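As written, the chain order gives the labels A, B, C and D, with residue 1 at the start of each chain.
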Amino acid sequence: MLPWLIKRILMLVPVFLAVSVVIFSILHFIPGDPIDNLLKIGSSPEARAEMEARYGLDRSLPVQYGIWLSNVLQGDLGTAIVARRPVADLIAQALPHSLRLGGLALLFSTVVGVTLGVVAALSRDRWSDRAIMGGVLVGSTMPSFWLGLILILVFSVSLGWFPVSGARGWQSLVLPVLTIGLGGTALVARITRVSMIEASGRDFVTLLHAKGLSPLRIQLRHVLRHALIPVVTILALRIGWILGGAVTVEVVFARPGLGTLLIKSLAQHDYPVVQACLLMLAMAVMLGTLMGDILQALMDPRVRAAMT
Amino acid sequence: MTRLFRKTLLSASVSLAALIAAQAATAQEAVFVMATNEVGAPTYNPIKATMLNTATGLIFDRLVSQAADLSYHPWLAESWEEAPDGMAWTFKLKQGVTFHNGEPFNAETVKGWLELFKTTEGENGYMAEAIASVEVVDEHTVKFVMARPEPNLLYNLSSTFMGVVEPKSFAALGDNYGVTEVYGTGPFKLESFAIGQETVLVRNEGYTWGPEVAANHGPAKVERLTFREIPEDSTAFLELKTGGVDFLLSVPADLMGEVQKEANLAVLTMPGQDVWYMPINVTKAPFDDIRVREAAAKAINQEEILASVFGGVGAVADTFLISALPESHVPDGAKIKFDPAHSNALLDEAGWAMGEGGVRMKDGQPLKVTLWTQSDSIFRRLTEVVQAQLKAVGIEAEITTFDSSMIRDQYKTGEQHLAVRSYNWDNADIVDWFFGGDRLGYPNVSMFNDPKAEELRAAAMTGAKNMDERIANFTAYHEYVLTQFPMAPIYQPVQAMAYSTDRIALPEKIDAPAFGAAAFLDLEVKE
Amino acid sequence: MSALLELQSVSVSIGKVALLDGIGLAVERGQILGLVGESGSGKSLTAMAAMGLLSLIGGRVTAGVVRFDGQDMAAMTEVQRRKLRGRRIGFVTQNPMTALDPVQRIGEQVDIVSRLHLGLSRADARARTLHLLTQLRIPEAATVAEAWPHQLSGGMKQRIVIAMALAGDPDLIIADEPTTALDVTVQAQIIQILGNLVRDRGVSLLLITHDMSVVAQVCDRVAVLYAGRVAEEGPVSPIFAAPAHPYTAALIGCIPQEGMAKGSLAGIPGAVPSAMTFPAGCRFHPRCPRASAACCASQPPILPRGEGRVACHHPEVAA
Amino acid sequence: MIAPLRAFRHPQGGLAGCWLILVIAAALAAPLLTPYAYDVQNLPQAYQPASARHWLGTDEFGRDLLTRLIYGARTSLSVSATAISISVLCGMVLGAAAAWFGGWLDRAVTMVVDLSWSFPEILIALILVAIIGPGTTGVMIAIAVAYIAQFTRLTRAQIMMLKGETFIEAARSLGAGNAHILFRHLLPNALAPVLVSAMLATGDAIILEATLGFFGLGAQPPVPSWGGMMSAGSALVFKAPWVIVFPGLAVAVTVVAINLYGDALITELDIRSRLRREA
């Protein structure tokens, strides 16, 4: 498995390079110039040129890219143009918040989603199945900012259980995690249910029944195990999705995090920060795919076999 | 290795002590929410920044303080004297003052600071422009040699931008100054700062040199202040309502009623320093025609806006300056007031005839203009009303919303016809800032560059030998600008703050134009 | 003593579609009953009905009785039925490639049967598994027990499935086309193994197949199924000597040769009609060389004939 | 083309279909349905709760909320549907080309698609709006691009699956050219799953449009869109909750309806397994 892992990681290198090119170049299409924020109004073109030189914006794009990439590889994400401090500091401030929120949301949607999916699959086509899948559908069709606002209105304003905004203590995580988690729950529950039903129809399940095993044991010990393989793969693939998808929720709850940092920097044309944020997300995505593959291998001997 | 170990141990014990101290201090701490127009200030560097928040004024003291009646009083300067010809100022400095990093405050540091202020690249240099050089008379006396008389000097010295900076650390820290570390002489020290999120200040225990206008000269009564930045007013209000924060440094007019509904919340109002207005781009057709500008300006129904958008709190604006300033007292004829009949007549006269669908037409072209605003909800709401009011005289305005931090760049393109903006300043030199011919694009969003105005502007900015002359010159400049209709004044709010009466005890009187150092020195937290 | 497994006029439907119509057959103790028919004639459904597993595919018995060892399966609780499955009835599936849980080791999949039904400990169950595997002539049984299903060949997997069926020490094995998915050489081995089981262990066997040659090889009796009905049933030798039903005759007449498509009978034109379009009268009549007006009009009753039974309006006419 | 009608026979599909028809009809006939204009302010009437005159109440400018909701449907539905149509067209071309020509093109397309699929649509759209600029057109293009990956993936998978089928082999052996096979055989057969998932994606696009509207990036005032209405209402949620509750419900109910109807359609077209492979 180790050679496979090394090969797999090496395969990420061209992907990383491609992503870095996309991230680097896309931002140069954004109209507006961060230098404008820095220059004294009415500054001379010389002052402007000097400022551009200072941030390396006067070189050709490929050269800028080369410099940027080599800096990034050395762990230097540059200096934020508007915030005037190392981008790494900003990321270091934001990332823990995002990881906490994203991680908990992932955990929530996995646990709740799988549970609901299993219950729905076991009670297939009965009212409990319909109720769960209906609830899940409705849950997934509510815009997350709207859901967040409604949750604030109910649980913070009316009931006073949780803080309205910010990131102070675990209480402030409950509503944001719930807001993001509910959307993810729908996805997980749906995939779990479908995979369970699909797996239940497989030949080996008939034989398990013929062996006299109890249906519950068959469902939980065998069918669920198979059903979880796609669930885990998709969840791992969606790590970046969950981190980035927290944007709206972070804004609604006025929480610090990669999303708010990205939105703000995007609005301010603070290239180095936007680039770093996107790079972080892209790396989370790549890491997610890798983890998905590893988890799949751990869960399925056939995949393991294909690796060697 | 051992040194490293000892260092680690030391820092660990220090941080543990700090932690325990922080725990003990929780009783004497309060959480504030920054005013929405101060959200996102990137630095606490008063020399470089174009935007400074309330916390800056608590870190840095100024030489001069201002009372509610706008008169000047001692702070770091005990007394001062202006030469009869206005060409020199002598300041006697308070003794025993130290910076947060232990450096002494004296004539040398004032000289060092002002040199930094004049030489550092930034937009604030004009405030010290009239000072030719600084002479150290003795350790506690400093003399400003002037290049020209500057009646506005005391105002400038009382502004947060001229908070006295410790020069050595400023030079040493470079770009990190004001971001990671910052040293002033103020009643509070910076503990932590996350841009756009939160600033924590702790009490300067040795502080005894508070401004004359404060009852308590130090140290402050509250040990620890947390300033949260919440961009959305309604979120901030809900935080206050649910006890998440103790004090909102700004409350929009439409939420004041909501605050008053709550038994344990109260509103604090102070005279406003803001003006909301609609800049009109004079270079962009059809607004290159002064008649069309006047028509647009007079289509704005300030009374309706005051009543409906701002719940009747505050006052209408009919000049560009807050009415507390003497320079705002221009003849009635120069004031810009709602007059739809006149607007319609002017548009007819300019050849814009009323067309179908209520939009005026000329040469087959509809009277369609762009109207820019920023994404904060109050701006969007006001802009929509402005849009409807323009529509009423046949001008169709198309709104484009920009992020508030981005809109300044956008103005530099000069592509907008109209915009809705606000400023916060209590000095007449704001007319120069927004209509000076050398600041086209931004801040001169109106792209106003008029030879006569430039003459009047020079006289107002640099030609006055004393305050009376300055007021007269600025009034003339202001009046002329108004008659050219490069903008339409809309509204002047009051400064409204909201706080929890369970948690906060305000001083009886806040003798300052704004809720700053003086108020924070006297403020108490209830147990 | 009654038959070990007995189906009396069993009808089965899935949803509203009636698929089996009055099936009657019996597996005597120590005997092998061959159940023959083309694809779609209802063989597997009969097996599921015998196992009491129709609910898995959404089917149910609408009429008739399934008796195992004299007991009515319908009268049992689900738990009782579960105790029959694996313990007294072993099941060998059609496709060994998909019959094993791909993410569980071979040994564990066999062990569970004896642990569950015979109450053996983990270690004893493993010992029994290894013993069974050895008996089924699986080389290096211990290694195989630790292997994953994907590491084994089809024939090997089918032996594992047979081992699983035997692990509970059953009285009856139902083998649903156990050789269809396998190579011809392997097919012979598997059939031989199954045949030996009956001889050596006294197990009864319900062998479902479409292959008349297999029936001729190992079965004591044979039941021919066509479109959800029993066409003919009886001891193997008389039927092979003189099949009464034209369908039986056709089946015998075209014992598949190598290279023929599986599941089809090239000798008989047409195909088994689907359950939605069963013709009236004798369901075989559209393909039957002897078909008469009576065949179109009415369904032939199943009547005793010699030691067996046949359902045909024209059983006398020689093929 | 009968399947869309047959989907009405499912109780949920029928109900959902009726709601969708209702919403679309209301959006089309907006001026006939309401006596109010969506943009005329009546400031003294601001923040009125539901009443006989204003069935859903009024917003912060005293405008009738129901009127704005109906006109808002115009914006929200047309932006989402147009965006998804563009997306489907581009995705089908890309996916078909990748599947058909294979090789480096396929690898490149697959990589880009896989990667962008892992990013939330909202992020892609936000960045694109930053590039294009706010407003209806910007949002439309942003949404379109954000969903291209999904349809490229789906089309590619369908074509890959169909490529191996006998009728394609038959066409090829009859001497049909690439273009002929691609346009006459492969794409039409791949169409049903793509169209159904396009319909489902339109639901997601409505949410995305609303979210962009919430960030103030969608239709500019006074033109109403569901997201824009909620964005304005979010500041007043405790004062006039109806301003945000009703547009939110409109989004949720419409998207649920699209999903239920789509589900019925999938059942009718019997393409569940073909879609699932792509889930």
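The rule we apply is simple: a residue touches a chain if its C-beta (ideal position, glycine included) is under 8 Å from a C-beta of that chain, and two chains touch if they have at least 3 such contacts.
Here the structure is a predicted model, which is why all the values come from computation and not from measurement.
Should one ask which of A-C and A-D has more C-beta pairs in contact, the pair is A-D.
Averaging Cα coordinates per chain and for the whole protein, the chain whose average falls nearest the overall one is A.
The geometric centre of subunit A is 52 Å away from that of subunit C, both derived from CA atoms.
Centre-to-centre, using mean CA coordinates, subunit A is 22 Å away from subunit D. Measuring from the averaged C-alpha position of subunit B to that of subunit C gives a distance of 90 Å.
The mean-CA centres of subunit A and subunit B are about 39 angstrom from one another, to the nearest whole unit.
Contact of a single residue of subunit D with at least two other chains is seen at positions 215, 234, 237-238.
Residue positions of subunit A touching 2 or more other chains: 152, 157, 267. Each of residues 232, 238 in subunit B touches at least two other chains.
Because contacts link the chains in a way that matches no line, ring, star or complete pattern, their graph is best described as other. A list of each chain pair in contact follows: A-B, A-C, A-D, B-D.
Subunit D contributes residues 39-41, 43-44, 46, 60-61, 134-135, 215-217, 220-222, 231-232, 234-239 to its touches with subunit B in the complex.
Every residue of subunit B that touches subunit A in the complex is listed here, in rising order: 40, 42-43, 121-123, 175-176, 179-180, 194-197, 228, 230-232, 235, 238-239, 241-244, 403, 405-406, 408-410, 412, 438-443.
Within the complex formed with subunit A, the residues of subunit C that make contact are 51, 53, 56, 82-87, 89-91, 93-95, 98-104, 112-113, 116-117, 148, 150-151, 161, 164, 168. The part of subunit D that touches subunit A in the complex is made up of residues 111-112, 114-115, 117-120, 122-123, 126-127, 130-131, 133, 203, 207, 210-211, 214-215, 227, 230, 234, 237-238, 241, 244-245, 248, 251-252, 255-256, 259-260, 276, 279.
Contact residues of subunit B toward subunit D in the complex are 232-234, 237-238, 258, 304, 307-308, 375, 377-378, 380-381, 383-385, 387-388, 391, 398-402.
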